[in-house]
Amino acid sequence: MTDIDDVLAKLRQFVAARDWSQFHDPKNLAMLLASEAGELVAEYRWVKGDDADAHSQRPEPRARIAAEIADVGIALLLLCDRIGLDLGQAIADKLAANEARYPPDKSRGRPDRPA
Amino acid sequence: MTDIDDVLAKLRQFVAARDWSQFHDPKNLAMLLASEAGELVAEYRWVKGDDADAHSQRPEPRARIAAEIADVGIALLLLCDRIGLDLGQAIADKLAANEARYPPDKSRGRPDRPA
Amino acid sequence: MTDIDDVLAKLRQFVAARDWSQFHDPKNLAMLLASEAGELVAEYRWVKGDDADAHSQRPEPRARIAAEIADVGIALLLLCDRIGLDLGQAIADKLAANEARYPPDKSRGRPDRPA
Amino acid sequence: MTDIDDVLAKLRQFVAARDWSQFHDPKNLAMLLASEAGELVAEYRWVKGDDADAHSQRPEPRARIAAEIADVGIALLLLCDRIGLDLGQAIADKLAANEARYPPDKSRGRPDRPA
């Protein structure tokens, strides 16, 4: 994958050149992320589940989906950068917690937490 | 930042051990992302904007916020992996498009697209 | 349908008894709504589209879905009440606008806006 | 408030004239609701909390906010109608449950559930 640290460096320059960090408190960035997640959901809301993989490969919707995913990623990186959180480490920590929370033998083929 | 490719490798193992990829069509993953974004927003909904930076550093809320950010990141990585999209490249492409869409001189200090 | 004005009167009492209106500026209520919408989406994220109607009738998920729908409705009513907006009128106005935006003959069986 | 039953009757006609009920399974409608909630959040994401009430009264943003609230309301009514749920009753039931969950004396001025 393209290195995220390089992307983050570009993102910081983009924000600095526009003096936008004044708007980027963590509360506002959480809202940005939710609104971009909403736009991503909109791309799939009328697509049948069985067709969602193929839909994601068709050039026109794929370009829109990639742009919405990027917007979500930008919001997520901005938030992590703002609060000084290492996204990769946070995910690794959560996965470790989920290993215990969802034991493979009790969770196999069941998408929700075992009772 | 902790390398995202390493995290993605762990994430794939986690999903494979539970046979969860059957649930992870792109439509469902977009919904997962939206629901996790909603949980992240919930962490900030009663926090004043002026206090949101400090709130994000207090141990108890920070742990919850980090966990919610991780869940959003997991959903985002799962979706990118499912549709074969390079997240870092997608963000770099979107930033390049945004450079043209939001000219620095017309966008400085204005968070919305210039008319 | 149970009268919404009666429900709103109860909701106002509930909020007043807890002195919660101090938290309910429109920005925070929009966040509340988004987080509740995320919880509703979570109820359907692993359900197949073909099974979503039947799922919504099964007692256990139905009770959770009804509770999440109610939470979304509460957030929506609180926001409308806060900014002095007549929800029913707003919907009627939007439907009238949509009548022009989505002409029946061009929109029949197509869920998105005609090009 | 404008009667919601009247609005629902118009909404049913709108959908029927476009043959859109085929897209409106509960899963898709939950996604519609989440995407519309995201658009509503977008209206407030750069607004300061202290200015959110005044912002909601300025004609231009108010018109957009009213339209987004209407879209959320439409999605919510479509979902309730699809699964045969009385929205007003669901809200009344949830408020009754919340009365017990958030005792006034322990919840006064505290927006989160008492520990």
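The chains carry the letters A, B, C and D, assigned in the order they are written, with residues numbered from 1 in each.
What we mean here is this: contacts are C-beta pairs under 8 Å (C-beta built on N, C-alpha and C of every residue); 3 or more make two chains touch, one makes a residue touch a chain.
Please read all numbers here as calculations on a predicted model, not as lab measurements.
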| item | value |
| --- | --- |
| Which of A-C and A-D has more C-beta contact pairs | A-D |
| Size of the rotation, in steps of 5 degrees, that lays the CA trace of chain B over chain C | 180 |
| Separation of mean Cα positions, chain C and chain A [Å, integer] | 24 |
| Between chain B and chain A, distance of the C-alpha-averaged centres to the nearest whole Å | 3 |
| Residues of chain C engaged with two or more neighbouring chains | 23, 27-28, 30-31, 34, 37-38, 41, 44, 46, 48-49, 111 |
| Of all residues in chain A, those that touch chain C in their complex | 27, 30-31, 34, 38, 41, 46, 48-49, 111-112 |
| Chain A contact footprint on chain B (complex, rising order) | 1-8, 10-11, 14, 17-20, 22-23, 25-28, 30-31, 33-34, 37-38, 40-41, 43-44, 47-50, 52-53, 55-57, 62, 65-67, 69-74, 76-77, 79-80, 82-83, 85-95, 97-99, 102, 104, 107-111 |
| Residues of chain D defined as touching chain A within the complex | 23, 28, 31-32, 34-39, 41-42, 44-46 |
